[in-house]
Amino acid sequence: MIRFAVIGAGRIGQVHARAVAGHPDAELALICDPFEENAKKLAEAYGVAYTLDVNDVYASDVDAVIIGSPTQMHVEQILGSVKAGKRVLCEKPVALDLDEARRCQEELGAEAERVMMGFNRRFDPTFADIHRRVADGEIGDLQQFTLFSRDPAAPPAQYVAGSGGVFRDMTIHDFDMVRHFLGDIVEVSAFGTNTIDAIKEAGDFDQAVVMLRSADGRVATVVNSRTCVYGYDQRMEAFGSEGALSADNLTATQVRKSTAKATEARPEILDFFLDRYVDAYRIELSAFIDAVKADGPVVPNVIDGVKALEIAEAATVSAQERRTVTL
Amino acid sequence: MIRFAVIGAGRIGQVHARAVAGHPDAELALICDPFEENAKKLAEAYGVAYTLDVNDVYASDVDAVIIGSPTQMHVEQILGSVKAGKRVLCEKPVALDLDEARRCQEELGAEAERVMMGFNRRFDPTFADIHRRVADGEIGDLQQFTLFSRDPAAPPAQYVAGSGGVFRDMTIHDFDMVRHFLGDIVEVSAFGTNTIDAIKEAGDFDQAVVMLRSADGRVATVVNSRTCVYGYDQRMEAFGSEGALSADNLTATQVRKSTAKATEARPEILDFFLDRYVDAYRIELSAFIDAVKADGPVVPNVIDGVKALEIAEAATVSAQERRTVTL
Amino acid sequence: MIRFAVIGAGRIGQVHARAVAGHPDAELALICDPFEENAKKLAEAYGVAYTLDVNDVYASDVDAVIIGSPTQMHVEQILGSVKAGKRVLCEKPVALDLDEARRCQEELGAEAERVMMGFNRRFDPTFADIHRRVADGEIGDLQQFTLFSRDPAAPPAQYVAGSGGVFRDMTIHDFDMVRHFLGDIVEVSAFGTNTIDAIKEAGDFDQAVVMLRSADGRVATVVNSRTCVYGYDQRMEAFGSEGALSADNLTATQVRKSTAKATEARPEILDFFLDRYVDAYRIELSAFIDAVKADGPVVPNVIDGVKALEIAEAATVSAQERRTVTL
Amino acid sequence: MIRFAVIGAGRIGQVHARAVAGHPDAELALICDPFEENAKKLAEAYGVAYTLDVNDVYASDVDAVIIGSPTQMHVEQILGSVKAGKRVLCEKPVALDLDEARRCQEELGAEAERVMMGFNRRFDPTFADIHRRVADGEIGDLQQFTLFSRDPAAPPAQYVAGSGGVFRDMTIHDFDMVRHFLGDIVEVSAFGTNTIDAIKEAGDFDQAVVMLRSADGRVATVVNSRTCVYGYDQRMEAFGSEGALSADNLTATQVRKSTAKATEARPEILDFFLDRYVDAYRIELSAFIDAVKADGPVVPNVIDGVKALEIAEAATVSAQERRTVTL
């Protein structure tokens, strides 16, 4: 039984707490959040202890720590937990600032491979199935990889201002997926656009398209939007020499409707990331627990987190300076 | 070059005239219709002769006659044309009355195999492809066969009154398809229902479901409706020991639409039988011309027409007397 | 907190035990099975007590009993539990013998409405969504209802011999769904066929098609097969005056594959009923718990169970005697 | 009746000759090709005159000329025909060399708007329907536009060597479509890759991805491949503030197949551009004939041809020099 502390009692912390509580090999032991109201509420929901001080987590007897705090806390809490001998699963990104993320990796040294980063999409059953089948050679050589990733609704301008920009905050999930499928990236070209004034005024883009070239010469394309009226649009297409594998969106039911105006319409797609990726979070936790049990490395880890951030940085420069960037 | 006369200048006659005019091996030579206005208009559209008297057709030098007149004329015109040495393609059904149809077959003798009946659906590219693949054993043994066949809008009550009832007028197409896939039928059970008062008052059903057992023990199911708000619903499913082949409806374009309410909606399906089966009519004509050139038998022919009518008769009795009928 | 006993530690008992253990308002307290090995294993998995004697269940302090024993035990255990003051959720069917089922309903009297029958498909999210939307008038008047229900693989001949036949054992689920959508049934016609010798020799059919007429004159069609090479085929189509709602099969992922031979192929469909209906069992339990909390009636109940069995009896007679049967 | 000459008796010339011969308002009068064998064969198929000398076309009494000769002849033949008072429909591109294309436009002056360029995809019923519905505001503001365009099989290396490169030869169709949907383009970034050695050795790419920014700030993405094992992959997605419209590939039939390995698989997609776009060529001709009858301008014309070529030139520079290019 692996004993867990969860740092951060907000939305993502709640997701992880529920996953831990429901896992047969995990035990939720401690909640940590500087806001007592949040910490207490989540702790009581599972009948566990809570603390406002992260040092109590380090000093506790938990085996593993899940970090779901604001991004600016990530590096300090990763390092603190690791120094205290805990295994860590940290939400993405490592940091907003690439230098800070690199410093984190450096200080971790060999431990960097043992700290998991929460790129949950790798564990989505549909995406994971495509990855496995591509790896098995089912479509021959993978040649082109295309991702559509659109959020249902834009975050508040205040969030955007502190997010590090669309590439570090949103596209970073896609950058990790591109690396997952194509390996390391050497060249990036990004176009950003705006359809929302408040986000433009905050100095960020709300739509983006990115082309990425891998070290072995293959190209991926990412299409992003902060808004999507028909829901949380999450699709991919892996195109290879012997065929293609693509991922449809998830809907709540399998109903189709035909009327005088349209036929075989599927229902609205799931529009909240926690519903869409509920299985992914669960499977991600299992992968982490397996690594803890085996006392071994884990993927994706801090090194992957840093590499995704390097791509995000390159994309940001490319979109702002309107030029292709070499990594 | 096969020279054609078309008897009947109504809607279906126009379809055939156009198909003949567009076929490289066919020449439209003569139009026949007792209503001069109709005959003249259609003849002028193709710059050919016309007559009001069917005897002129028999006396003419055409090689082949297409009969698209009202059903009560079919037997007389089939016999008249054949006696005059013409090859015949006649619209379904042979007759409304089964005895009359049988008499027609009897009088034709060996010629019955050379008179084609216009069961156009056998020639629809999608249905024909399923038939060929089933015959090739692609889904193992065919075990269950299901047809959905719904018209977009009910005919006028006046038409219904003279139609011989839904089974002879509408389901007869499905009965022919069931025979096409399963062979001869030995047992029929039919349920008729009404959603339209005018059709009920005319003594007919406007919806029907039929189960049919083939001589070799397999079962088919037909679901019919005189109305369908989303168009001309024409689907089938062939279920076998190694898989299933099914037919989707045809749409005018390949557009899909996603909105806040529904996703990936296909456009309305084609709702007019001439649009839906335009290819089928063209291919049917080619099959007929091939038989004429080869001076050989043709399928489906008058014998098939009589057998479909026998099933329609059995279904009518079954639905009215609420019992299973053995053929 | 509702305390539960589960009678029957076989496959379906395990499903219910897991659902109870995972429900926030339920507590699993006791397992009962005459085979100690089974009872003990399941009880230990959840750390609860077990007994070999069903009288211990009646005498216990549980609030509710889930009956997952062989069908011949159902009536006795329903009556025993109800007399002991327990609420009951019993797997279908009430009994193999219609008279026995009717006797059960009679003895229960007013309690019959409070004993839930496990027609889990009513609670499947896709089917339930169609039911609700039909009830909301989304497709106008419901006119035709079609069910495809095919099992992935036939049960052993030994099971078939004691199953009461395909209509009582398998189609009964569909009969309940037809009643759920169309209300009471007054007329049934069924065709049974065989593709499997062992089942034929056991005196049963392995494929069946059934037409059913409701009291208000609408018709449903059911297509059944004991085998289906592409999985557990569970679809429905509700056709109404303003449109149609249909249910696609569930697949494990949303992957589509295109190759030189076929395009946009979906993966194999879920082929085990516990996977396919995992949500349905969970939601069924919630509906039962809601009824227990409210101390009220529940649907579907023993009366629904008897009515489904009456239809199964009529279908059996219809298929054997090859005639339409009026209820 | 508009009288036509067709210059070029190769594959595309044959397509146009057939379309002209089948159009009710057009008359095929003259075929021109320097290879007598080709010219004679095509002319005889339609029973019309032929010539080896293009000057005979100019001197003839035809109203309109369709140019389907090799690209290097286009400018000379456009100018020659226009000077002779003929209306012209010329296959894309105007020229391989942008300067030559610009010179052509300059010499044409006001006539440039009256010379149609054969960007047939604008006339594909599915794509045209999406364009019309976007223009009608059906998906609100169009925000992102994505094109997948993959050929079934790569052309011979010899063809590639003289083609002007993938962007001028293949992607130019997509560039025209992007302009059709988004208007003029101001910024281009392109990544080219190779999977085929012979094409790499010829100095060209066989796969490409392009991002384009329109004058009003919207972004389009094009994904190209010279090979596609599952056929001629031609899809698009128009994403707007109120929804999305996308285009599926065309298949020869509507059959779906389910087996133990895959379910609901569609058949192979049409893999020859003349089959895929047969309707588009026919509708394109009608649009041209309408313009001739109205004695008015036509779209797309030489100006559109030059603009598409400007984008192709920019994409070529971008892919070779690995930088974003501003137009």
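Letters A, B, C and D mark the chains as written, and numbering starts fresh at 1 in each.
Throughout what follows, a contact is a pair of C-beta atoms (placed from the backbone, for glycine too) under 8 Å apart; a residue touches a chain by one contact, two chains touch by 3 or more.
From a predicted model like this one, the values you see are computed outputs, not experimental measurements.
Note on connectivity: the fewest steps through touching chains from subunit A to subunit C is 1.
The chain with its Cα centre farthest from the Cα centre of subunit D is C. Look at where the CA atoms of subunit C average out and do the same for subunit D: the two points lie 58 Å apart.
Look at where the CA atoms of subunit B average out and do the same for subunit C: the two points lie 41 Å apart. The multi-chain contact residues of subunit D, meaning those touching 2 or more other chains, are 229-230, 242-244, 249, 257-260, 267. Of all the residues in subunit A, the ones that touch subunit B in their complex are 229-231, 249, 251, 257-269. By the touch criterion given at the top, residues 125-126, 129-130, 133, 138-139, 242-250, 252-260, 267 of subunit B touch subunit D in their complex.
Residues of subunit B that touch subunit C in their complex: 140-141, 143-144, 146, 148, 150, 187, 189, 191, 193-195, 207, 209, 211, 213, 217-219, 221, 223, 225, 227-230, 239, 241-244, 322-324, 326.
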